[in-house]
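Below are two complexes that have subunit A in common, paired first with subunit B and then with subunit C.
Then we have the complex of A and B:
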């Protein structure tokens, strides 16, 4: 083996021994993604389920009973019946219920008239997002019930326009199926940057970096010896996250494993490159960790399209999202999970990741010096 | 072996300057420094903390580039061809880069491969290194589980996996106990003898520099002297004396002698006063009316005397010399009148266990009011544990402990109010000014209103901090930081002062000033307790105990302890000799 090969393998072996003996790297690679997936996977969902709903029935009839029954059967609502509106309002104020459906006393009569019946819906708008979701469900439930009612043999309502939504790629419209792939991208952004930034900062803190600098190991060997082990570790964390997503959260995966491997590799190189870049500036673990979170995790959270739709951002902010590597990976992962190997989407995003990886690694290489200043 | 002609020096520095920007101003860490180091010699780079030693080391090894000037190693310009230089040198940074989660052998293997030692030579070379360092039995142990001294030896072994032409050691003996220190020196000496390696070793211990063939004396970035120790101390011959006056208080004797004409330097050492005169012709006064049986005898000059002389000479516009002894010091001018024999700290069979490990084992001692009492010991001897129990930070497992009249097991809080504490690395808030630090620490000790303002004014005046009262503390020179730390510890006028290695790395003048203050405080009845493994600090104590493996192995004043090490071969043992002799005696007794 050449002298350079001996040095590189010596450094790689050192890194492997350290990873096995010091659990902090393993914790970042495996425990952190799993932990974040659990928190976000179980905690963050944009679906509303079993929303407590008050139903005010001013004059009970067969129609009101039928409509109420429809609401009660739905997995989205849990209903409580009130006789008058004031009682329901008090319950709303006491946070016992999140919304009120108001069936007036002329409900049955107007249902059969040409003007058609209306229902009143009052929603707690403090959480605007879930209020909108509940509103959507209510409208769907109402439309569905009217459609039922208009069918022959039904109570015989004036026929409203039938809504027939067909949703592709996520037929169950489970927000989790859409969020978890994005979440994996987010988690890998953080672990990728933390892995390299923290381990190099640790070498500075312990004085080992200064000792390495004066050995014959070249800068390329020193950087490669950091990149390779944590690349492998990062891929391991990635695989664990995907497996968790598919098995525990039952997110379908339509893409191919090799497309996932290639795009994940590109993304990890970009994330690790970012970590290397941070490490050229931060020489202690605390600062490195702070920079990694602020420079990678937060932009990825807000600007990657993981939760907040990029299309609806103002143009200048939309422009900024182009330098957030996670943005491309979020798109890639959502595509791979929900749609499959859709090359027209995957290729441009993969190319962008490759460019970012080259950029970060290149700048990190140029900025690193075998000197202390 | 060197390719360049033999007559070229190993290292040549010509007007090397390196500046750093800190807090908006530029400081020259190394200032137009020129020096040369001959092949096959051990050169000591000596100076207090902040003198620029580490920067100079980094400039020599190509880790920093000079702003001006040239560094040449074996005729190669380090700035231009750092890799060619690195192939021929070895460098051990101050905190050597041992991988603590790798074993001794794994560390050695890593560095051997990085330095291109052929695999076939590993076994033989490792054997040699392990034999040299005595680390053979610990081959499989993780580096993080080694003692401080062993870590340092492993660091040296890793640095030496390949015999270099020139070896740079940056403060290799900091934080290492005297025994390991001696072993490290033996390794370096053997290396020079057998392989003709050139060594540049930095240290802030002046006694260590006396072992070097030549010395570079650095202060504030500049080279003060470059010569062999003998010619540096030569001008001091006939100027150093030891004075004692049986039956007279040493502090009073010191005060009298320090004021005598012709005296350049006077320091208290154990029971006597060490004097350095301004010129060789004028001996110190042999008769002082107040000291009737004054005895003065000549002693051998030390490198430190030469350094102090040089620093005093250089201080052309000296700040007014601090005269702490004349100002009535805070604490307890009232209590000073109490009988001197009161016992202020008493430990009786003090024991502390952590699980099955006994860190402190039935230690008993008493400290009297106004005494300066030293706690000496190698790393892991139980010093810090004892110290924490005395401060009331750690409850003893067994035994009785009374501090300032309070039983620490019952009234630790009350006792703490009577204690001032100055930590090793001066725990100050660097972003706050001296005034703000004083305000904070005095509030922490519940000083309020006019009383607080009075104390802050006192501290700023007394410690000469007025000119920089509102500057950021982090930018103060080390000596001033130390003054400020001491001032903070004295804000509440404690009866007892705890000092944890208070003057390691501080320049000799600042150290003298510090100890003058401490002696003045002790003279006013403050009891001072010092922990250290720094032998020079031990000399300033009235009485010492030496701890080893949790127990006291020797007690007495420094003279008595030194006497334990006196032998035909060693007529004038140093404190370090005494320490090692006592430790070896204890180890022998345990083995028997």
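Then we have the complex of A and C:
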């Protein structure tokens, strides 16, 4: 074995021993992803089910019963009946119900008149996103009722245009199926950066960086020896997350394992490179930890498209998202899980990750010097 | 007792504010996050890329598509002429929605048969998919009603008149920005209090504090109250930004808001003191703060509603101070809630505050004894 090979093996052995003896690195690599994924997986869902809805029927009739029936059949609503509007309004203000559907006294009569009846629907709009989704469900129930009313012998005419929605990749629109692949990207961003952010800062703080410098090991060997063990740990954490997603949360996985391996390797290199960069710049564990959280976790949470749609952000913020590595990985994972190996999506995003990895690692290499100043 | 505590508070504030690094942690990231969260964290739809596959180019289909063009939520990026392109555009994410107007659209419209429009949506982001369908349905329904009115087909037997209380434009910024008040107040308070004892332990000055005539309770108060002060100040700055910059309506009086804020900051301080008295190094304190913060933000209802979570998680969120404060801050801002209405939020906050302070005091005495 060449001298360089011997030195690298020795350094790798040192790093491996350090990881084994300090359980905190193993905890960050395996326990943290599993813990975070578990909490997020159960806690984060945008699907509204059994939304409490008040129904005010001022004069019950066959027509009102038909409409109420549609609301009751919908899996999205849990209906409560109120005799008058004022009582329902009080319940809405007290947050007992999220919305009111109001069938007025003249509902049946006006249904048969030329002007038609109006169904009042009042929602609590504080949570705008949920309110919008509930609006959509109400419209579905209304459209179903309308279709029934337009049958021969029914009281009304159908709407002339029929909408047939077809949702590709996630026909049941389960929000968990789109959130969990994004969560894996989020969790790996965090562990990747935390793992490496502290390693060089730690050597500086303990004074062992100087000891490393006076050895014959080159800088490249030192950095490589830092990178490789954590890369392997990161891949392990990644595998644990994917297995958890598929087995516990039953997210379908349509892609191929090797596409996942290649893209996750690229992403991990970018994340670890970022961590190394922070680490060489900070030289102090407190600052390194702070930067790691602020520069990686928060952007990965908000700017990656994991919950909030990037396309809807204002242009300046959208431009910023291009430097967030997690953005590309979220897109890749959502596609791999829900759609499969779509190269038109995977290739450009993988290329972006490769570029970022090269950039971070290159800058980290340039910034790291065998000097004490 | 009080002069000693006061002196310690002054010393703590000086220690935090004189260190440039801590000053930056208090000012820089919160402001940056306020801007990024405030603008980036949106659930509203803007310029969603839409492709149009019009198999029946006619006056009727042009009218329908013009309504999509006129909506700020949509942006038509492509016109397709081949059915094979529909899936390709969705797959490559060039379009989130494809509107496929049926070949017999006009004929069916005139023949009083249901004219078909197919909407193909990318389901990889299911929330966007649902919103896109909701917006599109609204547009198509409006078209239908106008067409019926123009062609004398008789009105639909009943129409849905949707209204939203408190937030009529359904602007998600009004929901997110008050949430940021809670989020950033928690982050800053926790970092200040959580690291304060560990920093003294590392610097070795903690022993000096112990040999002063102050008892554990006084030291604890001296460590906790600066956190409460800084938390209140930070929250005030963000509340001002929410009202003056983001123009979120503040409908309620300030008293219920600040009562809630005080209890919330006290609860977070108590938890910070617990972490602080357990941690030996700053790194441990940081990890502890982080391990508390991530679940407490995720399970607070900040971005995703608590009502959608499984029952056992919903029960667990009762001990999360941020969950209760979010109800208070959004209630006062948007619904104009009063102190009496928010009572169910105040007492759990007070309980968590009292409980965490007691535990912190007990841990503290054990560690210092």
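Following the convention adopted for this analysis, the second predicted complex is superposed on the first by the 349 of 373 C-alpha atoms of A that agree within 3 Å, B and C clash if a C-alpha of one lies under 4 Å from a C-alpha of the other, contacts with A are read in each partner's own complex, and residues count from 1 in each chain.
Following the convention adopted for this analysis, a contact is a pair of C-beta atoms (placed from the backbone, for glycine too) under 8 Å apart; a residue touches a chain by one contact, two chains touch by 3 or more.
Since the model is a prediction, treat every value here as computed from it, not as a measurement.
Colleague: Let me test your reading of the model: by the given contact rule, A:314 touches which partner, first (subunit B), second (subunit C), both or neither?
Modeller: second
Colleague: A:17 contacts which: subunit B (first), subunit C (second), both, neither?
Modeller: In the superposed model, A:17 contacts subunit B only, not subunit C.
Colleague: Tell me which partner A:73 touches in the superposition: subunit B (first), subunit C (second), both or neither.
Modeller: neither
Colleague: Classify the contacts of A:256 with the two partner chains as first (subunit B alone), second (subunit C alone), both, or neither.
Modeller: neither
Colleague: Per the overlay, which chain contacts more subunit A residues, subunit B or subunit C?
Modeller: C
Colleague: Does subunit B (first) or subunit C (second) touch A:7, or do both, or does neither?
Modeller: So A:7 only meets subunit B here.
Colleague: With both complexes overlaid on chain A, does A:39 touch subunit B (first), subunit C (second), both or neither?
Modeller: Once the two structures are laid over each other on A, A:39 reaches subunit C alone.
Colleague: Taking the superposition as given, does A:149 touch the first partner, subunit B, the second, subunit C, both, or neither?
Modeller: After superposition on chain A, A:149 lies in contact with subunit C alone.
Colleague: Which positions of subunit B touch subunit A when the two form their complex?
Modeller: 58, 61-65, 82-83, 86-87, 89-102, 106, 109-111, 113-116, 119, 142, 158
Colleague: Show which residues of subunit C lie in contact with subunit A when the two form their complex.
Modeller: Residues in contact with subunit A: 21, 25, 29, 33, 36-37, 39-49, 64, 87-88, 90-93, 96, 108-109, 112, 114-131, 133-134, 136-138, 140-141, 143-145, 147-148, 153-168, 170-172, 174-175, 282-283, 286-287, 290, 294-295, 298-299, 303-305, 307-310, 313, 330, 334-335, 341.
Colleague: In their shared complex, at which residues does subunit A touch subunit B?
Modeller: Against subunit B, the touching part of subunit A is residues 3, 6-7, 9-11, 13-14, 17-18, 21-22, 203, 206-217, 370-373.
Colleague: For the complex, give me every residue of subunit A touching subunit C.
Modeller: 24, 36, 39-40, 42-49, 51, 67, 92-94, 107, 110-112, 114-133, 135-136, 138-140, 142-143, 146, 149, 155-171, 173-175, 177-178, 198, 285-287, 289-290, 293-294, 298-299, 302-303, 305, 307-309, 311-314, 317, 320, 331, 334-335, 338-339, 342, 344-345
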